[in-house]
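Each of the next two complexes has chain A plus one more chain, namely chain B in the first and chain C in the second.
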Partner chain A sequence: MSDVITNSIRAILREHGRLAVDASALAEDSNLYDAGLTSHASVTLMLALEERFDIEFPERMLRRGAFASIAAIRSGVGELIGAGT
Partner chain B sequence: MTNVGGCAGAIAQSFETQLSGPRAISVGLDVIQVGEITAALARFGERYVGRVYTPHEAAYCHAGSAAVGARRFAARFAAKEATVKALAPTTRWTDWRTIEVRRQSSGACALALYGEAAALAAERGIWHLALTMSHDGGLAVACVVALGGPIVAPAHPLESRHV
Partner chain C sequence: MTVLAVATGTVEAARRIAEGVAGPAADAVDREARFPHEAIAALREEGLLAAFVPRALGGLGATIGELAASCEVLGRACASTAMIYAMHQIEVVCLVRHALSSPFFRDYLAELSRREWLIASATSEIGVGGDLRRSICAVERVGSRVRITKRAPVISYGEEADDILLTARRAPDAAAADQVLVLARKGDIRLTPAGEWNTLGMRGTRSLGFSLEADASVEQVLPVPFADVACQTMLPASHVLWTSLWLGLASDAVGRARAFVRAEARRTPGTTPPGALRLAEAVAALGTMAATVHGGLADFERQQDDPEALAGLGFAIRMNNLKTSAASMAPEIVARALGVCGISGYRNDSPYAVGRHLRDAHGAALMISNDRVLSANAAMLLIHKSD
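Entry: the complex of A and B
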């Protein structure tokens, strides 16, 4: 399940992240802001994640760190998916 | 560059207030490609608008053509990001909707802060934010100058030269 989520996150990053590097090649703990993730791209990234996983990021999770790495995103998505079941 | 409807913030308080002692100033600047906003609007529509812009901002941006609207949204996003940079939060993001570009009847624009953004500004002693926005050539830019409270003289003598 975790791999499925991670692969989806990488695919969404490729489409919406506007990164300077290939999201497929990023380590899970690589800093996405260092890889070129902008504030606006993080908004569309969040919207795409919500759409893909049928979740909504609550205000309390809107920290810069929440989208700082693939691992951080997976943790947040996992928490929200878990909360919805 | 073309000014967005003549939008420029004005210093609301008197120079006398500013000259009563050294004041902290911080600046935020942001530039964004209008195409990014066009793509977000096409892909996510009102879900995107509702998560980033206030009803006041959305109403103004939607009042023109789609192309004009994208430029207006872009300038406003740049203004929000420039404000965040001027406020310099440490860990949290502020909700984008707590930073609002208010267009006044004169056509001039000013910033209004709510909730967490307002609390952050108060914490920083910021009493005025001046805004200017512009767009041209597929880019929108915004600059925000934040005027803060009295500067406390630093302990280090070298630093005091720069106050």
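Entry: the complex of A and C
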């Protein structure tokens, strides 16, 4: 399940993250902002994640840190999917 | 909160300089599009360039509220002087709030308190489309030195500043948004001006474009990422101080309209002059603007020690709203004042002249375009839930 989520996150990052590097090659704890994620692209990324996983990020998760790495995103998404079931 | 409520020593000194020095020179500064030397010299003499530096380092230990009130009183007298003061203080506030862990910056701020250095800002860059949070130029490290070459579309009072705080990518291979701040000292910088500064208003800020080459010591790079400094300090401090000076500018225009209506009323006792109704509207609009600006200041003061709240979308959206609202209100209120004063306000040689105010006020929505700020809010509102 975790791998499925991670792969989806990578796919969404490739499509919407506008990173300077290939999202498939990123380590899970690589800093996405260092990889070129802008605040504008992070908004698009969040919207795409919400649509893909049918979740809504609460205000407390709308922080730079929550979207700083693939691992951080997976932990946030996992929490919200868990909360919804 | 009104200016009077925080009329401390710092604010009182700013008011004396505003009334005694900046105001009398304002028309000449505007006409000649020159730096307000006399007002900045007076601010230096009173130690006001180090107003926000903590007392332990030799500064006046002023609060954000006192800086805002100072900008407001200066804005009543000369918007260019007030803008230069505001921009300098924004840089100082960033250093005090984010760089005190560094011995170099502690020493620098202590020295700034003795020498009253003036800091300019080079955050914008040709090619990034006005986006503060992206840089093209990068810090290139050579041993213990760093080199930066930047094409800056504007550096306000760049010719007059002692030091320049600039943004650049952290390293040549860093992403556009992976930025740091570097304090380049006068001796570290080569500035080549590009073009002139001949504008509708804010003419005393001398905001020329430059190409800038800096060769500085590695310790002059701020120890924290610019991403944090921008959202926690630079953006809110900018919006609070700029809107405060625009409020001062609008207040002075309305003050002139009040004086005009009073003079009319004295000439025709028993009848209310025709402009009195328009004046009542202008005073109401000014009250709304004052509530917006003072509310924004109180918001920043309330959150200033909470980095999480400052980094939140809700706070960023509110600060952006503060900027766009006040920037639209200022020229609207000055135009109302012009309507009250009529031809006397339209003339440049009358005590009720508000032409300079109107031209300066139109800069508010353009210097960092309101549309850009609103677009940022439009994007954030797509994901922001509530407060």
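As a convention for this text, the second predicted complex is superposed on the first by the 85 of 85 C-alpha atoms of A that agree within 3 Å, B and C clash if a C-alpha of one lies under 4 Å from a C-alpha of the other, contacts with A are read in each partner's own complex, and residues count from 1 in each chain.
Keep this in mind: a residue touches a chain if its C-beta (ideal position, glycine included) is under 8 Å from a C-beta of that chain, and two chains touch if they have at least 3 such contacts.
This is a predicted model, so every value here is computed, not measured.
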| item | value |
| --- | --- |
| Joint occupancy of chain A by chain B and chain C, clash or fit | clash |
| First, second, both or neither for A:L47, with chain B first and chain C second | both |
| First, second, both or neither for A:E59, with chain B first and chain C second | both |
| Which superposed partner A:S24 touches (first chain B, second chain C, both, neither) | neither |
| More chain A residues in contact - chain B or chain C | C |
| Touched partner set for A:L37, first chain B, second chain C, both or neither | second |
| Superposition clash, chain C against chain B - the stretch among 21-29, 57-65, 165-173 or 255-263 that is involved | 57-65 |
| Touching both chain C and chain B, counted on chain A across the two superposed complexes | 38-40, 43, 46-47, 59, 62-64 |
| Contact footprint of chain B on chain A as seen in their complex | 18, 38-41, 43-44, 46-47, 51, 59, 62-65 |
| Touch list for chain C against partner chain A, complex | 133-134, 174-178, 227, 308, 311-314, 379-380, 382-387 |
| Parts of chain B lying in touch with chain A, wherever the complex brings them together | 32, 36-37, 39-40, 43-44, 47-48, 51-52, 77, 81, 84, 91-93, 95-96 |
| Residue ranges of chain A in contact with chain C within the complex | 20, 33-40, 43, 46-47, 50, 56-59, 62-64 |
